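Structure below; questions to follow.
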Amino acid sequence: MEITLLYYLIPSLIMFCCGVYGFLTRKNMIAILISLELMLNAVDINFVVFNRFLFPGQMEGMFFTLFAIAIAAAETALAIAIIINVFRAVKGIDVRDLTKMKF
Amino acid sequence: MDYSQFLAMKQEIGLLVVFLLVFLYDTFMPRRSQGGLSVFTIILFAVFTVWGFMPCMGSCADSAFAGMYVTSPVMMAIKGILNVGVLIVLIQANKWANSEIQIMRRGEFYELLLVTLFGMYLMISARHFLLFVIGLEAASLPLAAMVAFDKNHYESHEAAVKYILTAVFSSAIFMMGLSFVYGLTGSLYFSTIASVVALEETSAMLIVALAFVVAGVGFKLSLVPFHLWTADVYQGAPTSVTSYLSVISKGAAAFAFLVILTQVFGAVYSDIWEWMLYALVILTITVGNLFALRQTNMKRFLAFSSISQAGYIMLGVVACNAMGMASLMYYILVYVFSNLAAFGVIQAIENKTGKVGMADYNGLHKTNPWLSFTMMLAMFSLAGIPPFAGFFSKFFIFTGAIAQGSIAIYVLVLIALINTIVSLFYYLLVVKAMYINPEQPVVGAFRSACSERIGMWICVAGIIGLGIVSCFYDHLLELSGTFGLF
Amino acid sequence: MDPIIPILILAIPLCMFLVLGLFGNKMSHPIAGILGTAGMGVTMVLAYITAFTYFFSGAPQFIDGDVHLQNIVFNQDWLQFTDSLVIRLGFLLDPISALMLVVITTISFMVHLYSNGYMRDHHGVWETGFQRFYAFLSLFSFSMLGLVVATNIFQMYIFWELVGASSYLLIGFYYTKPSAVSASKKAFIVTRFADLGFLIGILILSFYTGTFNFTDLTSAPVAGMDGVYQVSGETAAGIRNIFQTSAAPIFMGGSVMTWALVLIFMGGMGKSAMLPLHIWLPDAMEGPTPVSALIHAATMVVAGVYLVARLFPLYLMEVTSLDIIVVVGALTALYAAIVACTQVDIKRVLAFSTISQIAFMMVSLGVARPEFHHGIGYMAGMFHLFTHAMFKALLFLCAGALIHAIGSNDYTDMHGLRKYMPVTHITFLIGCLAIAGIIPFAGFFSKDEILTACFGNSMVWYIWMSFVAGLTAFYMFRLYYLIFWWKEHKIHEGHHAPHDQPWTMTLPLVVLAAISCVAGFVPFGNLVTWNGHNMFDHVSFLTNLENLDWSVAVISLLVAVAAIALATVMYKKENPMPERMRRLMPNLWRWSRNRFYWDELYMFITHKIIFNLICRPIAWFDRHIIDGSMDGMAYLAQRASYAIRGLQSGNIQMYVWVYLIGALLLGAVTVICLI
Amino acid sequence: MFSNVLIYFVVIPLIMLLGLALSRNMKQIRTVAVVGSSALIALSVWLLVDYLQLRAAGETAEMLYVGSWAWFKPLNINLAVGVDGISIAMLLLSSIIVFAGSFASWKIEPLPRQFFLWLILLSVGVFGFFISIDLFTMFMFYEVALIPMYLLIGVWGSGNKEYSAMKLTLMLMGGSAFLMLGIIGIYYHSAPEGGQLTMNLLEISRNASIDKGWQYFLFPMTFVGFGVLGAMFPFHTWSPDGHASAPTAVSMLHAGVLMKLGGYGCFRVAIYLMPEAANDLAWIFLILTGISVVYGAFSACVQTDLKYINAYSSVSHCGLVLFAILMLNTTAMTGAIMQMLSHGLMTALFFALIGMIYGRTHTRDIRQMGGLMKIMPFLAVCYVIAGMASLGLPGLSGFVAEMTIFVGSFQHTDMFHRVFTIVACCSIVITAVYILRVVGKLLFGPVQDEHHRTLTDATWWERLSTITLIICVAAIGCFPNFFSDLIKFTFNTSFAQLLGMN
């Protein structure tokens, strides 16, 4: 069985959708953060796969992925820090509690 | 490696130097000299701003890193505009930064702010999506920290969470779009993508990719429906950060948006994104206005106002011509002054009394005539009332848009114009609160801090002078003629 | 003719108005009175000189053989609309304007003089606003003089409006009295409504003919002399040709020219109180009595007659319009005469009598045809205008004297005054005889000629008008007997016996009575005819008598005498006969007493229909629909703002959801639209 | 730049603004206002005389004193000025009303300095508008004149002032939104393909390059845009509320001058630049303005608030202005301009008097007043004169203006136009009804409220203010040919081409 582009893209898409679904449904902010990671990783897979299968002669997609991973890490760190701050303030990390400002 | 290419990055390097100096001062200066940090930063940045406007010595290169980075007079100009805005923000933030609670951490504030500015520079100058994404993230991630700066306020945290989570979601979408683009074209260079897009037939994937890209940048610009974070974040963040967010970050994003759409997707303008933008502009202006109608918190109110202003700025993009670009930059310039004047007043009052409700402004003119005068000018300018600068910027942005010439654009502009009436209504509400409402003044008479006053004076000068003195717009128009985008 | 005198005729009253109006408050009462009277006196003398020069000097610009010419003494551009349509202020001297100059200045002077006495009470205390009164009188005189000497129809319209305004001011002279205020308002608005017709008529006329000038409409220039014209049927026929070639032939049942002329006549109906626009005149009696004498009996109210006379050659071209005038006039004459028989207020009786008499003049103009006795109707109408002005002013001034003496307008408070006020009695009697048409008083001759003209036109109108003439005699003598006879005057305790008034008031009575006695002998046929041609070969004091159509005259005399006899029987002594008559015809009496409910009808139309069904709904519509829709837009925006506020729920997941949907929709819709 | 006399119409108010900003007490404020407005009158009279001399010397250019200074050069936007007889008439009117308005607000409270600042800012806009011949500058000044209204009504007004001020501002700005689109549209069609685009009115009309299709789009935009300020049905509803709430001088200026901006603009921009569309579409607006004329008058008949009456009367009279402009012939248009002058003066007079009466009786409800003639004869007499002017008494300005309009309009060759002229004529009767109703209730009759007996008559500054206006009203009424010629000459020169098509 030949492994084609699609075999990579479909899991990546599923990952991305899982991430979106998780973001939209989970209460726990850490879980939401994990969902976000899923989405970013799906993007990374896309880039790598495109590079590997469609444009094998160059490295642009790979490099982009490297940077994206780094950025994702920074984002996570920052988000965790902020969530901790919130936890200190409200003693909880349920995202649905954070609706003081609205309308 | 040709190191002379770094000369092209004159402003970035200058900004890095400023950042380092501030960082070093903050880190290594003895405690007794720490008091000078704010003044040091402001003066340093003022020098940098002025230096940024100076013409490049000798024959500078105009691109670096194999064309991932380019510069041009237009970019220098927009960076200069941002610099001026940042300078005003710094001046206005002085009082807040030196308040008892923040004084310990003000160094971080300055440093984060300078880093985000650096990110915006990269967004503006990038000609490769890798650099652009780096810039975008550098511009948004530290902002989350800045939004969360007010440790003692719960709203600040809530705002930060909302910001960081939505921002990351948005960048995920954006990068997803980029990956599609990459998959379609095999490159992340703007020019290469553009040439491929121009040659190939429009595919559904390209459209979806474009929609995702628009959404990602639209998030920064807070275009409806990608705007929902804006109001909460503006309200929760410390006012200095809000003012920074609302003008500088938005200005950079608007320009970057223009560059991406014209440089990368210019070939599919009338096929795809012209219509997308029509929808977005109408939605943004209308929804922003409708929400702004019934706000009672000044910061939240200005958040929605800035959403609808973003819609007007987008008219410059819709036009997709040199005049639109010049008008866009001019709009940003004027918007910087007008909005910062408003935020300056809000900040002055908030610093003194902690009040940000619109009702707290009742009868303000009796106790603080100059503050209310400044606020009124800001509101008039935002509403586009002559002879204040906002009128000129609105007029030119509409003129620029209509230069495109289709009937559809007339309709779009008409809708935008009708929306200006709604916006006039809520801007006048502020004026009404200050001048007309009969209630006893809530805010007592006080003398605002020297830095706040300087900031407001600069803004007032800008509001009055930028329109009547025609050279600013003329210069921008001349520059954008040389940009060669279209 | 040297234009200085005509200019002065207009300028003196105007200056008087300005001086008295602006500085009157600074003057003492007698000075203001003397100033006003003297000014008017000078004007009168100048007007006499002018008229005399015109009629009798024999200068070539005034008379050519036996034809009286029209002479434009001066004509100053005032407002230029287009090259041909120009409003000029000028002075046109021709038989009727010269006649009117005499009438107006005479009556006006008499009234000025009379008012010196009338406008103070028995103790010699001046009325408040005495100076204002004189100022307004001067303004009126100026406007009326300007009206009659108009060289173009728009000048006439200008002064037409001005007389209306001065009439308004004078009727409302006692402005603290609500009835006076509403009377003045009514007068102005009713005449304004009529003026609308006048204006539209002018617009139509000028649109087709391209001129406002009377001389261009009705006369031909006399060769060799500048500003001299002769009335010419050919010019009028030319005008009719213009209409026939350039306008739609028939517009709503009449030719356009007829419409224009009828609309112009509508202006005259308003001013001259023709049915159905007569309702303002009886109410106008709220003004001081001298004002009634001047404006609402002798001068302003005949402006309508004058207008028709002025455009008479044009009316001749469209006989339909003349017929309309006759019908309106005849109905009005009968109506007013019937109403006059039952009124209690003596001024109202006189007012209705005025309406009736003006209607006589209108009928006279309407029945005039050049074929019959050189258009005797025209001459008769003008003649009656002249005589009527004299005796009606006399009657009003007498009424003023009575009211001044008694302090009431109703004859029920008078009765049997002949012994107390002999001068008033005699002069009033002369007035009554004149209006009744008893030989040799003035009214006899003019009325007789009107009846002759009617006779020449149609038997119906002749009988009709003779009947009205009989009614006239009847109600005038009814009034006379009820004031001066009926029963002994009852003097209330603590009141002085009524007596004759000071000389300032009696002198005008005597003068006017004298004129009423002899005015009938003025040989009008050689002075005022429709085309300026003399009617008689030679003129003497008895010309009018010699040229009488005795068959008509005898009948009319008989009718008058019979009517007077009836009045004598019924009203000389207190007796139950009037009461019996009233029982005999209760409905007629009630309708007549209530003036056929015209006022109520107008009240109904104005208040119930125009105010309640037009104005109020429009105002409501404006506030609630038009304005409401503006407010509604604001309300909608506010509602929309609330409706979408759920979008900003504060929940991050919601935000992201919207974001995602937005991005996908943006893509999806574009894909669907493009592919 | 400063060698052009017209610039001083803007410079003097600007200096006044400076003076007001520096003045410290009421006396200084008044001095600045009086000196400044007198200077403006003097300037406009001088301009009138000089203009007439130039014309007499055979100057036939469309506009005189033309000057143009580059502003936004790349867009060819200039600060271009120039006047013809019509502008001069308007400048004269404005300066007279500013003068009278200054006296009418002699004792304004509170914040007199700010009041005058805004008032003068408003007049900067007004004067700037009338001297401009560049669309952009014109539009800018137009909006400058509008916005001070908000504060002037909001702060110094009475009654439901916040609502009225907001409504007025939003509606007028709504009009100017359409206008802005129209102006930009005109700009892009101001020159033939490839030519230099321009905002200069004279050049645009000379180029005549707006094709018919675009005219059909742009003409309604500009006409409605200006028409809102000219109180055209159905966009007039700001007028009653706005005027009712505004302080005296503001009502005067607004009804007297600002509403004229609408009429002037309609004619100077909409009709002058797009005559073909004006000719073809006139019927639509004729219906609207015809309705305005009659409808405003009918509405005025049942109002009980003095200012409402006058506001509706303004709707009627201003409707007549637009009505006549649309007739597109010299006479009617001359009448329109004269009606602007006339209405400006007499409505200012009305509002001044109403303000003075209201200042004394503290009510504007005519049902609560009566017999004022006895109590304050001067004001009452002036009111009667104003009323007579309004209902078109010869010798006062209203008559000549209305008659010129009626005669001119009736000269139109089209039956439809003539019929509508007759409809408009009907307003003279209705006008008489409501004017006499007010006069009868307010001034005549017995005194309604015994407290009013103690009230005083006008003070000297009030007298000065009203007498100035009355003299002007009478001057136009007595010597109409002077004004008519002044205006007509312009039509004969600049509109010859435009009128040729009719």
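Annotations for the structure displayed:
As written, the chain order gives the labels A, B, C and D, with residue 1 at the start of each chain.
Note that a residue touches a chain if its C-beta (ideal position, glycine included) is under 8 Å from a C-beta of that chain, and two chains touch if they have at least 3 such contacts.
Source: prediction; values computed, not measured.
The interface holding more C-beta pairs in contact, when A-C is weighed against C-D, is C-D.
Averaged C-alpha coordinates give centres for chain A and chain C that are 97 Å from one another. For the pair chain C and chain D, the distance between mean C-alpha positions equals 37 Å.
Centroid to centroid, with C-alpha atoms defining each point, chain A and chain D lie 65 Å apart. Chain centres here are Cα means. That of chain B falls 78 Å from that of chain C.
The multi-chain contact residues of chain C, meaning those touching 2 or more other chains, are 634, 645, 648, 650, 652, 656, 660.
Across the assembly, chain A contributes residues 23, 32, 95, 98, 100-102 that each touch 2 or more other chains. Looking at chain D, residues 170 sit in touch with two or more other chains. Chains that are in contact with each other form these pairs: A-B, A-C, B-C, B-D, C-D. Across the complex, chain C is touched by residues 161-162, 165-166, 169-170, 173, 202, 204, 207-208, 210-212, 214-215, 219, 224-226, 228-229, 231-232, 271-272, 275-276, 279-280, 287, 290-291, 293-294, 422, 425 of chain B.
Residues 380, 385-387, 391, 395-396, 398-399, 402-403, 405, 410, 413-414, 417-418, 420-421, 424-425, 428, 431-432, 435-437, 470, 473-474, 477-478 of chain B are the ones touching chain D in the complex. The residues of chain A lying in touch with chain C in their complex are 20, 23-25, 32, 95-96, 98-103.
Per the touch definition, chain C reaches chain B in the complex via residues 634, 637-638, 640-642, 644-645, 647-648, 650, 652, 654-656, 658-664, 666-667, 669-671, 673-675. Looking at the complex, you find that chain C touches chain D at residues 77-82, 85, 87, 154, 158-159, 161-162, 165, 168, 172, 175-178, 181-182, 184-185, 188-189, 192-193, 195-196, 199-200, 203-204, 206-207, 611, 614-616, 618-619, 622, 626-627, 629-631, 634.
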